[in-house]
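Next come two complexes built around chain A: one with chain B, the other with chain C.
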Partner chain A sequence: MTSTAGIAPANPHDSAAPAPRGRKLTGYWLILPAALWLGVFFVIPFYSLVSSSLFDPNGSVLTGYNMTWHFANYVDAINDYKGQLWRSIWYAGLATLACLVIGYVLAYAIAFKAGRWKNLMLVLVIAPFFTSFLLRTLSWKLILADDGWVVGFAQTIHLTNLLNFIGLTGTDDRLLATPFAVIAGLTYNFLPFMVLPLYASLEKIDVRLIEASSDLYASPMRGFFKVTFPLSLPGVVAGTLLTFIPAAGDYINATLLGNTNTKMVGNVIQSLFTTQGDYAAAGALSVTLMAIIVGLVLIYVRTSGTEDLV
Partner chain B sequence: MAELERRTLLKGSVGVAALGASAAALKWGFNTPDRKQNPADCQAKDVSATDKRLIFSNWPEYIDEDDKKYVSTLTQFEKDTGIKVDYTADVNDNNEFFAKVANQLGSCSSSKRDLFALTDWMAAKMIQVGWIQKLDASKVPNLHANIIDSLKSPGWDKKREYSAPWQSGLTGIAYNKKKVGEVKSFSELLTRKDLKGRVTLLTEMRDTMGFMLLLEGADPSNFTDAQWQKAMERLKKADGDGQFRAFTGNDYVQDLASGNVLAAEAWSGDIANAGDDNLVWIPPEEGIMIWADNMLIPNLATHKDNAEEWINYYYEPEVGAKLANYNSYICPVKGAQEAMEKVNPENVHNELIFPTEKTLSQTHGFMALDEAKSRTYEGDFSSVTAS
Partner chain C sequence: MSQLHESTTTDRPASGSRDLRLSGLTKEYAAFTAVKSLDLVMPQGSFFALLGPSGCGKTTTLRMVAGLETPTSGAIHLGDTEITYAKPYKRPVNTVFQNYALFPHLNISKNVAFGLERRGVKNVGQQVADMLELVELTSQAHKKPAQMSGGQQQRVALARALINQPEVLLLDEPLGALDLKLRRGMQLELKRIQTEVGLTFVHVTHDQEEAMTMADTIAVMNQGVIEQMGAPNDLYENPKTTFVANFLGQSNLIEAEIQGREGGQVKVRVQGALASIPTERAHSESGKGWLGIRPEKVLIAEAGHPIDAPGDVITGGFITDVSFVGVSTQYMVKMPWGQELMVFEQNTGARRMLPVGTKVDVSWRPEYAFLLDASQDAKAGIEED
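What follows is the complex of A and B.
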């Protein structure tokens, strides 16, 4: 959805002069591979998903499921799992916010202050991708281990007390298996998706505009909020979408870093599909999550005041 | 203008057509079929005599291997019988394997396997939907003569007509003795203050709920809905109190060794194979859950006789002893303990391979559940493990 949003749709009618017949079709040929790909791996599975969300819930994997327009699946799914839906949005939102704060500073530094280190820093941003997502998340278990130095240090500076106070950890002074660990894991895993579009936006800014703002007696702070930040908005929007959307559906972080009371909607869907074999509820919950995300994204893009992404 | 209107009209009709097609696709495209079969109608011609082969799917690291001087049980079988065994370790998870073969076995076509090993409840499910062939009792005399009493008649296959245990194991408690004092009972996992937030239980519903039912004084192999509800409430309460850190598969072993988790519901073989002296496995006071992985012959297997010969061979005491010596799981074969004298005298009194009568008398299996019950119970359990 977001990956194609920034690309102008191929429209052969746009060219002013009438083009030769062959060239008229070029645009269509160019979108053909992507269209085929999305057709097979998005449209068909999407239909299958919507179809299973309307299965008769009395079916089973063994006796077969039939599509009976059973819309009540949605009511049941939302009633049963509204807690996890809300938690997913909340965790993904916090992680996106954390990514934005950390990522903006980092992208700003790379774009304007890195000098000859720019390329190296960009490589370092994507370096974590060289190892698997799963391994990186598992290594957080080692870092945040109950007897490890991170927890010891956090206790010394009373960070654990603070986190407990705002409700992100429990009372027993640990970090692993708490909401904090899940949100930290999400933040860590999706940070590069925030940094790269932010960097692309910031890097394009004409520095003379920022200089002009100081020539007009704007303080650096005012210059930032009046000039730099508005010009980087496309990156902010793209980055937040690329972070929030996968984070809301993620279940690896909640599985590995959370406890039994931090499960996200992805965990529920996975359990419904694989261990319980309840395709109807799993389908309804998946479509609900998708609808909520699309709704939030539409509201966000409308109100963010930018048409461009990146 | 005219062109624009025409285009709008065209767009509109395309939209309507797409919607119609969508609805039709939803209705017809993606239903799942009834997968019940009748094993009598899904038999293949047995080519065992002419095509001396056997295709067996098993769990990883579950069989002894040839070494310099050591001849494995599998190689010995090939030598004795002339049957070539295609042994594949492609069973990682019961549900995953079920998904792998469901389309074939569910539509009465061949799974391309003659034998596979699955845990009790999944074996029960497959037998129930008619995907499994009956063993010919006259071809597996060792099975019926030598199977240990505690595995002789599970609720789902009372006379072992369809299944033969490959290995068996116990579910109990493990704790890290370097980090915490002795743990004796399952109820301590739920209530002890010094274990709060440092306990893991297993995601296997039948293991965990078996213990919860025992705590209610119920029999896991025969309980009522009311007892189940009470057991669920107790589990929910302990979970709400923040007693549990997670519900896990095999991965609890690392957390237990590193000290993140102090005590866990644990499988005996995991702890035996972990090689960490600080980890202690104990049978809880409430009782022990026992499980087995069972060899099953699927519908349309083309080497059924060879598969039965294999099963019969593994129920010879010496063969059972050699296998258990490698695996450290419970040997399902009577007489293997005596045979162990020759294989490895050190293991003759290994409680994890040959549990005493006293231990075995405390074991419980889990009741066989029909599909609807199974889903209700899995659903209840998931509301705690994935909440």
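What follows is the complex of A and C.
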């Protein structure tokens, strides 16, 4: 990144150095509302979560909870629920991948081909948000119902066989209450979070760059992979994060569309907190999930190299 | 239309058989016609300029040659090969875009190597290095476009196109974004590179000075058609239309009544005085016409003093405005019939500057005058800068 030549380009750090004192204070004032918000709604709850993850595991709602710095909660939580943890990452990953494929095509069409329909299509992308998350997920039960035409059609084109072959459904030709239904629900529910950032970064691309690639002997396909896609990477990264992170912690889709073998870590945490009252295990599992996601995100952002993009 | 000489993008015969020919080229949009039945031959190895105001169709023409726009009708040939409908990535033509269109995610060497790599050329390192040396950017090879100045980006854009050794290099106002001084430098640089590599350059610009400095041939375009085409000095000295007279430099156009031919001259009556124009510079034969004379060809002297010009003297003017611009002085002279003529006088020091209000006579040498059709608008092409 740094220049080897004698004439160095304008370095952003140079100009930032001697800021007058008044300007510095303005910056802090501007940060204050966000800092307060984060303090009240993130730092304090997070502190409470981490401390409950270290409670004595024998505590209960009736007997009360004691802080015993019981780090073994983490070992127990991971040992007991590693299946669900792994499944969450796997389902969320598949849903994110499906969102990326569907969302990229959609965002590309809106950005480059929609013409005067652009705004209408964007409204349609976010229109599902006008109905509740729960209702939308429940209606997928009807869509995927055993006697519905979707199942019938999937059987006709042997999609059910294919899904069974790759292990996303059972042998009974059902779609509902299968891993496929959970992943489909996740894909559907988080698709707008993929489409919008993708659209924002595709829309910014100067079409003259695509013309230039075509002028320089790149066929439309190669031009896409050499110019359009690399330039849309910030949108790909933002979209996949916005999809993967909530999908990995989701429990509604698995509850409504899955079966007992499709439980995700969100379901476990929900049940530990609300029905079993095992705050220690629930807290440990929550913090573990958070650590895994943060770790994955860091690796992802590093390897995608988006910090290099202008 | 023989298919025998199917082009293989880079093989370029040395002879002048690879001229770029546009025949009947037309581009219509829903609301207007951008290019109207254009016929043009751009000889191989020439520096050809398409000059005109914005919206005249010059950029549309260029984009049709590049393949970025499909003609409504007509044909484009490169030598014997028809390329009218060839895909842009299959033409031996490269473009230097107006805003450079450098790929922001690739560094300078990657940008320059782009075309070669897309055509599957291996080991492009040496060629890229040579090209960066040609445009004097060797030390910048690993920078991203955003880290470079406008002039440097312009040179990268040029290198990125030239490295492919296209048969035709298209330049779409490539110097438009540069400041004046840098632009002058780059004009000479481009001309030098063109002479060095010997490719056909087609340069689109609205800057008449730029076109005259660089091009061998200029085609002046207006409203989708070519008004006039020729070598820069021919166009400047002998414009055929009022648009060319005004767009390429400045002109005084004076209403004249054509009296008829007399030897090698056309005689006209200008507000009572008689004037003559060589027949090869007269583009109207009878009735009324515009007598044109370039401001620097007009001589003035204080009323009654002798003027160095055999023939056409008009008396009775007075100076209404004087501006001193260093090398020359520009006078506005109001004539008895109310028209103001522009007069540019070289500051040779032979005479002091004349103040506003001075009564003067004007004259010019008949061989510098030209005569245009009076049906044309005398102000065509003036408002553009």
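As a convention for this text, the second predicted complex is superposed on the first by the 283 of 310 C-alpha atoms of A that agree within 3 Å, B and C clash if a C-alpha of one lies under 4 Å from a C-alpha of the other, contacts with A are read in each partner's own complex, and residues count from 1 in each chain.
Operating definition for what follows: contacts are C-beta pairs under 8 Å (C-beta built on N, C-alpha and C of every residue); 3 or more make two chains touch, one makes a residue touch a chain.
Note that this is a predicted model, so its numbers are computed, not measured.
The partner of chain A that touches more of its residues, comparing chain B with chain C, is B. Once the two complexes are overlaid on the shared chain, A:S271 sits against chain B while remaining clear of chain C. Using the contact criterion defined above for the overlaid structures, shared-chain residue A:V227 touches chain C, although it does not reach chain B. Of the two partner chains placed by superposition, only chain B is touched by A:Q84; chain C is not.
Legend: residue contacts after superposition of the two complexes on their common chain; A:N66 is shown touching chain B, with no touch to chain C. Using the contact criterion defined above for the overlaid structures, shared-chain residue A:S219 touches chain C, although it does not reach chain B.
With both structures placed on the common chain, the touch criterion links A:V237 to neither chain B nor chain C.
Touching of chain A by both chain B and chain C, each in its own complex, is seen for no residue at all.
If you check the complex, the residues on chain C that touch chain A are 66-68, 87-90, 93-95, 97, 99, 101-105, 114-115, 118-119, 139-140, 142-144, 146-148, 160-161, 164. The part of chain B that touches chain A in the complex is made up of residues 22, 25-27, 29-36, 95-96, 102, 106, 125, 129, 196-198, 203, 239, 242, 244-247, 255, 258-260, 371-372, 375, 378-379, 382, 384-387. Residues 47-48, 50-52, 54-55, 59-67, 83-84, 141-142, 145-147, 170, 172, 174, 176-177, 258-261, 263, 267-268, 270-272, 274-279 of chain A are the ones that touch chain B when the two sit in their complex. Contact residues on chain A toward chain C in their complex (touch as defined above): 3-5, 9, 206, 208-209, 211-219, 222-223, 226-227, 230-231, 308-310.
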